[in-house]
Each structure stands twice: as structure tokens, then as C-alpha cells.
Amino acid sequence: MAKPHRVHHSAKLIKKRGKKVGAAPGTLIHVGETKNTDINIRLIAYNESSLKEFQLSDPAQCHPPEASDITSWFNIDGLNNPDIIREIGDRFELHPLIQEDILNTDHRPKIEVHDKHLYIVIKMLQFNDQAHDIEFEQISLVVGDDYVLSFQEKPGDVFDGVRERLRSGRRIRRLGPDYLAYALIDALVDNYFLILEKLGDAIEDLEFELLDKPSKDTVNRIHHFKREMLLLRKAIWPLREVLSSLSRDESVILSDEIRMFLRDVYDHTIHIIDNIETLRDLLAGLLDLYVSSVSQRMNEVMKVLTMFASIFMPLTFIAGIYGMNFENMPELQWQWGYPAALFFMALCSGGLLLYFKWRRWW
Amino acid sequence: MAKPHRVHHSAKLIKKRGKKVGAAPGTLIHVGETKNTDINIRLIAYNESSLKEFQLSDPAQCHPPEASDITSWFNIDGLNNPDIIREIGDRFELHPLIQEDILNTDHRPKIEVHDKHLYIVIKMLQFNDQAHDIEFEQISLVVGDDYVLSFQEKPGDVFDGVRERLRSGRRIRRLGPDYLAYALIDALVDNYFLILEKLGDAIEDLEFELLDKPSKDTVNRIHHFKREMLLLRKAIWPLREVLSSLSRDESVILSDEIRMFLRDVYDHTIHIIDNIETLRDLLAGLLDLYVSSVSQRMNEVMKVLTMFASIFMPLTFIAGIYGMNFENMPELQWQWGYPAALFFMALCSGGLLLYFKWRRWW
Amino acid sequence: MAKPHRVHHSAKLIKKRGKKVGAAPGTLIHVGETKNTDINIRLIAYNESSLKEFQLSDPAQCHPPEASDITSWFNIDGLNNPDIIREIGDRFELHPLIQEDILNTDHRPKIEVHDKHLYIVIKMLQFNDQAHDIEFEQISLVVGDDYVLSFQEKPGDVFDGVRERLRSGRRIRRLGPDYLAYALIDALVDNYFLILEKLGDAIEDLEFELLDKPSKDTVNRIHHFKREMLLLRKAIWPLREVLSSLSRDESVILSDEIRMFLRDVYDHTIHIIDNIETLRDLLAGLLDLYVSSVSQRMNEVMKVLTMFASIFMPLTFIAGIYGMNFENMPELQWQWGYPAALFFMALCSGGLLLYFKWRRWW
Amino acid sequence: MAKPHRVHHSAKLIKKRGKKVGAAPGTLIHVGETKNTDINIRLIAYNESSLKEFQLSDPAQCHPPEASDITSWFNIDGLNNPDIIREIGDRFELHPLIQEDILNTDHRPKIEVHDKHLYIVIKMLQFNDQAHDIEFEQISLVVGDDYVLSFQEKPGDVFDGVRERLRSGRRIRRLGPDYLAYALIDALVDNYFLILEKLGDAIEDLEFELLDKPSKDTVNRIHHFKREMLLLRKAIWPLREVLSSLSRDESVILSDEIRMFLRDVYDHTIHIIDNIETLRDLLAGLLDLYVSSVSQRMNEVMKVLTMFASIFMPLTFIAGIYGMNFENMPELQWQWGYPAALFFMALCSGGLLLYFKWRRWW
Amino acid sequence: MAKPHRVHHSAKLIKKRGKKVGAAPGTLIHVGETKNTDINIRLIAYNESSLKEFQLSDPAQCHPPEASDITSWFNIDGLNNPDIIREIGDRFELHPLIQEDILNTDHRPKIEVHDKHLYIVIKMLQFNDQAHDIEFEQISLVVGDDYVLSFQEKPGDVFDGVRERLRSGRRIRRLGPDYLAYALIDALVDNYFLILEKLGDAIEDLEFELLDKPSKDTVNRIHHFKREMLLLRKAIWPLREVLSSLSRDESVILSDEIRMFLRDVYDHTIHIIDNIETLRDLLAGLLDLYVSSVSQRMNEVMKVLTMFASIFMPLTFIAGIYGMNFENMPELQWQWGYPAALFFMALCSGGLLLYFKWRRWW
């Protein structure tokens, strides 16, 4: 059973934006949290027979590959320097609005079809096991004829599996940048499953705890998970449309085979959304359960109080009567007055106990 | 009336997946619970005039029938050996993504139309009468020109009626693999009705119990059924689209007559979904009923407490007054002081009882 | 004001089905409750100038009329003998699936367009005034070129008005079987209005009772009506689609004029669904009202308790002090000790009463 | 601040209908409340240059205008005499179903496009300022080439502004019956705004009262307004479709210019529906606020009770100890026994007060 | 942490309208609050090479620019003088319905496509940081071939950034009135983000306060924010359709490039709507949290009461017994009677404490 933990929300509901109201579109301003990481560019260039990896130090080294059968994947971590992004963007002829969107990490997942490339925004999730907290990061993909650009804010991603497949030279090396883009999206979506699994486990632990021994902390944790599900839904829901329009897209950048793979990812996304909704419904049910268990326990407490009061108040009253100081109280002089009083008291309390028994109070 | 039972959830909300994030599509990994059952392959090969049944020990024996008028139904139980599934899949020319999906038993119901076959995923339900618990299993159907493959994880299914009809040589033997596939789907959906009936009965028992004599356990059982309905809805809802697109499908695999039968199953599915929604609404109503009955009973308890306290506190106070030790208390010396005090006490309590009567507290 | 009645649900949520899982489609099994009524067939055969009524004893007498201008309405009550249904079905060339559906009285309202006839399933409602309970019965209509078949389970229907119009020879005799089918559907839908009126009245009585003098029974009755509305909605909602597709249907069986009448019935159905939703919303509001009135009354009870306790506990304490047996308690010897104590007690209770008055507790 | 008023619902949820189940369509029966008003027919006949008003006593005087450039508006109040409605209907060649609908005042707003005229049903609202109660009346409009018929049940309408504009000879006299129909609908919809304003004010008064000083009556009034909103929504919601299909209608009766005006009314209707939904959401919020304020106050009451009991029970117990009559109780003989006991009591109660202070109970 | 503030709603739910029911369409009446501001007209006329700013005193100076390459932006603050609006409107050939709509500041956001101009209604929001209160103002934009008119009620807007960009001569000066309109809409929508950020921060402060130390004020503030979100949703939701139809609009006024920019604003609007829904869901969750925390605290209070009562009532009863004045009570004469009684009392209370400990009451 999970140990109660301090509820903590790492994700802000609404991100801060630096853009001045009324600024020109295409104004490059970084919207996000991490301001002091360097920009780190990794290039993997491959064709079916060979693969090379580079660590680029200069954005001027970023440009579409020269040889026609080479696919280049530029993996850019760190968005805090708008000038570098502009330089890269200009080299790949990205529209200023796309450059602005890459820097603004508070976007809905979306897809834009341009003449020479696709621009895709998608969220990468990381699960913090201690805090049961999801961290959200925005991945921007630009897919061209012979290159893929991937932009993200902080180092660390879920693409290691893809890199290994590239290095070990399988089908992925034969199939070009559209397949690479699919592989990246697929890795992101597979990672959603992993995170939902962990969330599902944590919520089932909470359910078990609630049925077994609810604590004061329980309701705060239900709230915490409801909040996480809200953010998760906001991050994943729009992906449905993105992938649906991607697999129906008629641009020349995607081949037919890729479209079939994308439909597969689309099915996974629908499945994930189903799971999110199921978890949300379950959490709503847990809150109902908590509220009714609180009422139920209050009922128990009140019954204890009422039984104590109902039994001892008459007894105390009887004792009070024979504690009165009237001169003329014949019972006080009786030989068996005291035991008779005690017996009468026992009778009273016995009767009341039977009455509560009959009303099924215990 | 149902005996209260220990609430127990057998179905995990979110299934574990073995797939590594970023692994290649078509990577064959079994996603599911039962790891140590053998694979068991039964083949029923029939045409209008004859029927043969085989128990195959070697996946190499699985291949499309040679004679042109024979329909073969391969019924494969057990998914724990990816190699065998790959061998069977390759013999029937199934796409690697389909092979992956067969092994991954955590899928939404879906249909995929390929050139040479249909691939259908659908859930089989089993109801555990003791725990009032539904078990979910995934059936994968591959429907080709002259064969049907059905894959499932654990032994035991709901297809015995279909097997009997095959053996007894009725219309089903004349109509080919598409009709067989329809018959299997129809058996699965008929089984949903059976399970809904049992759930409906159990929920009506719970309703009766709630109106008659609610217990502490009641709210946990309402929660249990709400949870079951969540899982049930998740398993059946997507079937609506599957059957709808199946009956509108224009591939050559399905004949027109089958389409009419499929529309019939579609109607049944809609009906089942209606019933699920009705049961969900009823369960929500039961929770409301429970919560208001708890409030109502708390009200009763508080009235008992208040009446006892209101009657005995003044009496005890009066007794306390005449228990004071002031030297100069003339009433104490009166001849009729004691009876007068008792009479005054009786008057007080009578008045209060009348007051509560007037306020309709009992 | 309505007299409180014992809550009783006559309608099962989910009907029992006799069909074995995996049985062949078109297997004729009666799904329903009444097993021991005879089958009763009434035939009304008419054209513009004449009308004859027959009581048929033998299903062999059921067949499409021979003369070309005659319209025959076969009204079949009782479904417990599948053989008779099969015989009638075969004479009118009904598909085995339709024959199965006629016998299965747990269907959603639906319409099927076949080449030679329309098959319509629709619910007939009866309202039990004592129990405020709705009974549901399934009507199957088969509309052909020159005949109408109507099947139902139990004797008793809402078609007497239609029969009278047929006998009294009005427009209805001139307009053929499609108009007759419309007239039957219209009678069923008019009857829904009647039942909604009665339910609406009963619910408004309940609302009045709740505002005036809620009882323990009230919440059970709210639950009863919510349940009835659930079943009602399930029975009527699909009719919307049925009538919509019927009035847009392009088969040759319906004439244009009938389509206009069907649009009118369609409008009525939408109106009924609006009313059902309004009543459901009102019932949800009544439950909220009940719950908050219970809280409100609990509040009142607690205030009474708190005022009694707060006033008498200090008084009893003061009396207790002067009941102590210390030798050295100077007040006890004072001449005016006793009246002073009483006066001090009166002062205390007066002060507390003023305090509660100031806090607006009464 | 609004004075609390006696909650009273003037509008029945479901109207009584006189129609016998199974009666022929087009059977003219008046469905409504007012049975004994006379029918009153006012005719305004105008063209661009002149206008005449008539009070017609005989339905035979109702007929389409003879001169081709005259527009006639027949304003018929009172529906209790079906014969007169039939006579008027026949003169204007209205279909029997329309005649039936005019008499049945319990209709959803709707539009029917016929060859020679449009038939529009729409609700007129009147607000009763004392009871905060809406009264609903049904207006039937028939719009032909050169006439408009308007039918309603009771005298009194919201068309005086339109009449004045007709008399004062503005654009309205130039633009024919379709513009007149638009003007009537516009007046009805403008009136909805007025009523929503008043309801909105009343609901904001209620909100203020609830935040300031909730009373027992408050929750009944919230319920009353929720009920009004239900009826309002039922009356106005379908108008959305009516006006949408009216402004898209391709019949020759409406000119293009009118269509633009109708789109304007359509926008107003959408706005009104938005406002209704906003008020409904606000009312739901008020109920939540009420329920939590009741809980909050109960909490306060319980704290008072608990503090009184927790302080005085130990004190009374101590007093009770020294009221015991044991012979051997050394404290009783002590010189400072009594003050010491009093001091100990003060210490106890002080400690408990500090404890409650520390737990922030006051 | 935010300081609790007095809840105050500045925005009326339903605005007052001056229009008389039945008045002609196009009747110019100002609907709004501020009646006594002067009308203030600022004109910015620019082409790629030059820019001039004017403060116009006379509406007669408002007219489309004469030189063909000049774009004029008329910024009109103050709507209290219908005559001036009519004069401006007539000069730009605005339809009377548009003139009426400009004056009526209670409109849903909408777009109307006319032959020579687009008419756009959109809301401008201002956030009052003290009261956490949003103020709504309506902006009417008229976009013609070579001019933009913007109308608003009160001075003060969010367009300063746009004005600066105009003055500093960037792309905006080259791209004409459609780009200017886009820039204004973009500034309004960027401002929505700002306000949502502030609201989000305030709501997260409230969430923190609620988890940490809920006060009586908390629930009123939740209600206040729910109300704000209702108004915000009503103001922004329709913008979705406006921008969607604007970016799909085929009129000649918008160039293709602008359409791409508008799709970008459309994406922002969808994002804002997502955020509003997320905040609404969070607020609903906060209310649930509040209600269950009130129940939880009541439970605590009741436990304290019950423990005090259960422990002291038996003790007081025992003391009462030995305070009785029976002559024959042997215990009273015992040497160790008094300590024995005290010991028995200690035993009782210890036992009860253990019992409550065992039931985990503290």
C-alpha cells in the first residue's frame, strides 16, 4: 500500500508568456521555465548503409543534407536563445510563425501542413515517481523531404529506443524522414501508456486505501490525481485530431506506408484517451465513496454519542433525585432504598440498550 | 436477497505492457497476464458435405486450405510464445503490425481492412458469479477468403454453440468464412446480453437491499458495480463503430447477405450500450439514494439525542437545585416539597414531549 | 395531495432472454414474460366501400388478401407459440431474422426496410395508476403492399380508436396499409402523451409534497420516478431515428402524403423526448431540494440541542457547586445565598438566550 | 433586496390534451387552459400608401385580400371554438394538420414549409413580476403571399410596437407580409430579452441574499428559478432550428432581404440561449453555495455545542466529586478546600479554552 | 498567499437593453452602461512610406481615404451619441442593422460578411487585480478595402502595441487593412492569455489556501471565480466560430496570407477555450474538496464532543451515586471508600480512552 505523501503540484495550470500584447507575429520570445541551459544540437545522419552521429556546436552547421539519399535528424535541446532558433529556422526556411511557435512551449498539440515541410507540436511526459506528478514538455517536429528537426526545452527525452534502432541498422534506416517522424511520435505515445499505467496503479492503491482505511490525506490525493488527469487530457486530447488529419493528409511528404503506421498510432491515442476518461470517472467515483464514507463514519460517531447520552442522562437524573436534600423523602430511610435505586437504574439502562438493539444501532 | 460479499476487483484498470518505449512497430511481445499456458490449436475444416476436426501440435500445420471449397477455422488458445504466432502469421501473410496486435491483449475493439483479409479485435467477457466480477479476454479474428483464425489468451470460450451448429451441418456449413466470422461475433455479443442480465439482476438486488435495509457494505458494492460498468463500457462501446464500418464495408470478403446479419448484430450492440447506460444511470441514482438515506438516518439519530438531552437536562438541573446545601432553602422543609418537585419535573418533561410532538419529531 | 404509496418496480431493467449463446440466427425463441396466453388473431379486411372483421382460429387463414383493392390488418396477440409465428411469417415471406425479432420482445424501437415490406418495432406503454408504474409492451408492425401485421405479447392495446375510425368509414378506409400503419403509430405516440401527463401530474404532486411536508418516503418516490424516466427514455428515444428515417425513406411502400403525416408524428416524438428530459431535470432538482431540506432540518435539530445544552449545563454546574460538601463555604450560610444563586442562574440563562438571539438562531 | 415571496408555479410542466388516443389526424380539439373567451379578430390591411383597421365579427370576413398590393394581417385571439378556426383555415386553404396544430397550444416551436404558405409556431412569454413567474402562450403564424394570420389563445400580446410602426407608415408598410412576419418574430424575441433581464435581476438579488443572509426560503426560490429556466429552455431552444431553417429556406415566400433580417433574429436567439445556459449554470452554482453554507453553519453550531459540553462536563464532574457523601474525604475539611476546588475548575476551563483556541475553533 | 478579499461582481449577468419591444430593426439606441463620455475619434492613416495621426473632432471628417494606397484606421471611443454613429455609419455605407449592433454592446462575438466590408464583434477584457474581477467591453470592427473602423464604449484599450508597430514602420505598414484587423484581433486574444494567467494564478492561490487553511470566505471566492469563468466562456466561446469562418471566408477583402495568420489566432483561441474548461473543472474540484473538508472537520468536532461526553457522563453518574442521601449506603462509611471511588472512575475513563484509541478516533 502506498505511503501517504505530501501533495504537490509541479505543473502550473496556465503557463507564463513573455510576449507583449500587440507584439508582431513571429516575434521570437521564449515562453517557458528553464532559462539557463545551453543549446545542445545532436545530428544523426544516415542512409541504408551508413550512419554518422555529430555533436554540433554551431547552428551554422545545421542545414538540409547535401547528398540526396541521406536523412538527417537534428535533435535540438534548449530554447533559451531565440537567435539560434532563428538562424536554424531560416536555414530550413521555416515561416516566422513556426519559429515563434517553437519557442512558445505552451501550445496545444497541432499539425501544420506547409509546402516543403510538416510542423507538428506534441507533448512529452515524464512521471515523477515520488510525487506522483507528471511533468510536461513540448516537442516540436519539423519533417522535410530529407530531414527531421526536433526541438525541446530541457535535456532528456524518450527517444533512446529510436536511436538504438537507427544505430543497429534496421528497417528504420531504409524508410526515410517520414518514418523517423512516425517512430518519434510512436515513442512519445508508447510513453503515454507507461505513464498511464503508473497513474492507474497509484489510483488503484488509493482506491484500496480508501476502501480499507481512509485518512484525512485521501481526499487531497484524489484531488491531486484529478488535477493530473485534467492536465493530461489537455495535453493528449488534441493529439487525436493531429494524428487523424496526419493519416488523412495528402501532402507528398508522407508515403502511403507511413500513413498505415500513423493510423496505428492514432488507434493507440484513442485507446489512451479512453483510459484517461475511465480513470477520470473512477476518480469521481472515489470522491463519492469518500464523501459517503465520511457521512457513514459521522453517523457511527453520533450513534455512540447518542447511546452514551441516552443511557447516562436518566441515570444521572435518578441519582440527582436521591441527592436532593428534602427533609421528607421516605425512600431515603428505607432499608433497601439504595439497592432498589441501583436496581431501578440497571433496569433503565437495560431497557434503553434493548431499544437501541431493536433499532439496529449496533 | 443477495448475501453481502467482499468487494474484490479482478480486472486491472490499465494493463501492463511489456513493450519498450521506442521499440520498432511489429516487435512481437506478449502483453497480458497468463504466461505459462501452452499454445493449443484446433482446426475445424468443413464444406457443405463434410466436416473434420483436428488438434494441431505444430504451427507448421497451419496454412490456408488447399481445396477451394473448404473453409478452415483455426482456433488458437495461448499467446505466450511470440515465435509460434509469428510463424502462423507469416504463413497467412499477416502484416507485422497485426502480429503485434494479436499478442497485445490490451486493445480497443477495432477492425482493419486489408487486401486479403479482415482483422477484427473484440472482447470476450466471462462473469464470475461469486465475486460479481467480469473477466475480459481479447479475441483476435482474421477473416480470409477461405479461412478464419481466432486467437485468444486463455482456454475456454463461448463458441461451443457455433461448433455444435457446424457439426450438425446446417446453413452455417454452406455459407463460408464470412458467415463463420459473423457467427463468432454474434456468439460474443449474445454473451454480452447474458452478462448484462446477471449484472442487472445483481444491481436490482442491491437496489432492493438499499431500499429495505442499507448496510455499511452497500456503498462499496455500488462502487464495485460502477467500476464494472466503466470497464464494460470501455470494452463494448468501440464495437459500435467496428460493426457499423463492417456492415458498410465494401471489400470483397463479405457477401451482401452477411452484411444484413451484421446489421442485426449492430442493432444488438446498440441495445447493449443502451442497457449499459441505463444501468450506469441507475447506479448513480442508487448512490444518491444511499447518501440521502444516510443523512436521513443521521437526522433520526440526532432527534433521539436531542429529545433525551432536552428532557433530562432540565430535570437534572431541578434535582441539582434541591441538592444544594444552602442553609436557608425553605422548600426543603415543606411537607410536600419532595412530591411537588417530582410533579414539577413531570410537568416539564410532559411539556417538552408535547413540544416535540407538535414539531412532528416523532 | 397524493397519498404515499409503497414503491414497487414492475419493469425489470434487463429482460431475460431464452436464446442460447451461439444459437443460429433466426432461431425462434420467445423472449418475454407471459407464457400461457393463447394466440388470438383478429383480421379486419376493408376497402373504401366495405369492411369485414374476422376472428381467425388457424394461422393457415393468415395470408395476403386476394382481391387487389382490399387492405387486411392482422392483429396477432400472444407470442408464446413459435410455430404459429413461423407459419404466419412464412406465408408473408418474412426473413427468419424478422421472425426471431417478433418473438424477442426486448428490442430497441427500430425500422428495417425490406423489398416487399417494412418491419417496425415500437413500444406500447400502459400506466398503472395505483403504483405509478409504467408497463412496456413491444409492438411489431409489418407493412406490406396490401396488408399490415401487428404482433404483441399480451391482449389489450391502444388501437380501439383506430378500429372505430375504420368501422365508421372515413378517410382511413380510402388510404391503404401505409396510412393504417401511420394511424397505429400515431395512436401509440398519442398514448405516450397521455402517460407523460399522468407522470407529470404525479411528479408535480411529489414536488408540492416536498415543498410542503417531506417524508421519509419522498426520496424513494423520487428514485422510483427517476427509474421510470430511465426506462421511458430507453423505450422512446430510438423512435426519433425510426420516424426520421421512415419519413425520409424512399421505398415504394409509403406514399408522399403518408410521409407528411409521419413528419407530424416525428414532431410529436421530439416533443415527448423534450418533455422526458424536462421531467428528468426536474427530478434531479427535486433530489437536490430534498437533500438540502434534510440538511436544513438537521441544522434546526442541532440548534435546539445546542441551545438546551448551552443553557442547562452552566446552570447544572452552578447547582453542583453549591451541592459540594466543603465545610468552609461561606455562601451557604448567607441569608440570601439561595435566592442569589437562583438569580445568578437566571442571569446566565438570560445572557445565553440573548446571545443565541443575536446570532439569529431563532 | 427582494422580499421573500411564496413560491408558486403557474405553468404546468405537461399540458393536458383533449385528443382521444387514436383519433384521426386533423381532428380539431382545443388543447389549452382558457375555455371561455370569445374569439376576437382584428384585421390590419395596408399598402405603402394607406392602412385600414377592422374589428371582424364573422370568420366569413376572413379571406386573402383582393387587391394585389394589399397586405392583410389577421390577428385572431381565442381558440376555444374549433368551428371558427376550421372556417378560417378552409378559407386560407390550410391543411387539416395545421388546423389541428393551431388549436393544440402545447407544441414545440417549429416551421413547416407548404406550397402557398409558411406555418410557424413560436412561444410568447409574459413575466409576472410579483410571482417571478413566466407565463407561456403559443403564437401560430401563417405567412402567405399577401397575408399573415396570427393565432393566440388569450388576449394581450407584445405586438403593439409593430402596430404603431404600421400605423406611422415606415419601411414596414412597403415590405409585405414576409417582413411583417419577421417584425412579429423580432418583437417576440426582443421580449425574451426583456424577460431574461428581469429573471437575471431576480437571480442576482437571490445570489446577493444568499451571500449575505440565506434563509430557509432561499433553496425553494433557487428551485423555482431552475424550474422556470427548464420551461424557458424548452420553449426557446427549438427556435434556433426554426430560424436557422427559415433563413436558409428557399421557398418563394421569403425575399432575400428578409433572410438577412432573419439571420439577425437568429443571432439574437443564439444569444438568448447562451444567456439561459449561463443562468442555469449560475443557479447550479447557487445551490452548491447554499448547501456548503448550510454545512458551514452546522459546523459552527456543533463547535458551540462541543465547546460548552467540553468545558462544563469536567467542571460538573469535579463539583459532583465534592458533592459525594463519603465520610472520609480529607479535602472537605481543608480550610482552603473550596477556593482550591474553584481554582482547579478555572484552570481546567482555561486550559480547554486555550486548546480550542489553538485548534482555531474560534 | 492571497489576502481574502470582499467578493464583488462588477459584471451584470444580463445587460439592460433600451430597445423597445417591437421597435424597427436599425433603430439606433445605445445599450450599455457609460452614458456620459464624449466620443473620441483617432485616425491613423498610413502607407508603407508614411504615417499620420489625427485627433478628429467632427464625424464629418470620417470617410474612406482618398489616395488609393493609404490605409486609414478610425478608432472611435464612446457610443453614447447615436447621431454621430449614424453619420459615420452612413459615410461608410454600413447597413442600419450594423449601426444598431455597434451601439448595442451586449452582443455575442460574431462576423458578418457584406459585399464591401466585414463586420466583426469581439470582446475586450480588462482584469481588475484588486477585486479579481473581469470587465468586459465590446469592440466592433469594420474592415473595408482601405480602412478599418474600431468602435468601443469606454476609453482605454489593448492596442498600444499595434500602434507602436505602426509608428515604427514594420511589415504591418505594408500589408493593408486586413492585416491591421488581424493585428487588432491578435492583440485582443493575446490579452485573453494574460487574463487567464492572472485568473489561473489567483485560482491556484485559492487552491493552496484551501488545502492549507480553508476559511469561511473560501467558498464564496470559489463561487466568484466560477461566475467569472461563466462570463469568460460566454465571451470567448463564440470567437471560435468567428475565427474559423473568417479563416475559411472567400470574400475578396482578406488575402491568403492573412488567412494563415488568422488560423494561428484560431489555434490560440482553441487553446484559451481549453484553458477555460480546465479552470472550470479545477474549480468544480475545489468545491468538492471544500465540501468534503467541511464534512471532515465536522467529523473531528463530533469526535471531540463524543469523547468528552462518553468519558465524563459515566464519571458524573458515579459521583452522583455517592452524592445520594440514602441512610443505608455502606460504601460511604468505608475507610477507603473515597479513594476506591476515584480509582474506579479512573478505570472507567482509561477503559473508554483505550476503546476510542482502538477505534482509531485519535
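Side notes on the structure shown:
Every chain is named by a letter (A, B, C, D and E) in the order it is written, and numbering of its residues begins at 1.
FYI, a residue touches a chain if its C-beta (ideal position, glycine included) is under 8 Å from a C-beta of that chain, and two chains touch if they have at least 3 such contacts.
The structure displayed is predicted, hence computed values, not measured ones.
Common neighbours of subunit A and subunit D (chains touching each): E. Between subunit B and subunit D, the centres computed from C-alpha atoms are 42 Å apart. In this assembly, the C-alpha centroid of subunit A lies 26 Å from the C-alpha centroid of subunit E. The set of subunit A residues touching two or more other chains comprises 291, 295, 298, 302, 305, 309, 313, 316, 320, 323-325, 329. With chains as nodes and touching pairs as edges, the resulting graph is a single ring in which every chain has exactly two contacts. On subunit A, the positions that touch subunit B within their shared complex are 158-162, 164-165, 170-172, 183, 186-187, 190-191, 193-194, 196-197, 199-201, 203-204, 207, 211, 260-261, 264, 267, 270-271, 274-275, 278-279, 281-282, 285, 288-289, 291-293, 295-296, 298-299, 302-303, 305-306, 309-310, 313-314, 316-317, 320-321, 323-329, 361.
By the touch criterion given at the top, residues 7, 9, 12-17, 19-25, 97, 106-108, 110, 216, 219-220, 223, 226-227, 230-231, 234, 238, 287, 290-291, 294-295, 297-298, 301-302, 304-305, 308-309, 312-313, 315-316, 319-320, 322-325, 329, 331-338, 341-342 of subunit D touch subunit C in their complex.
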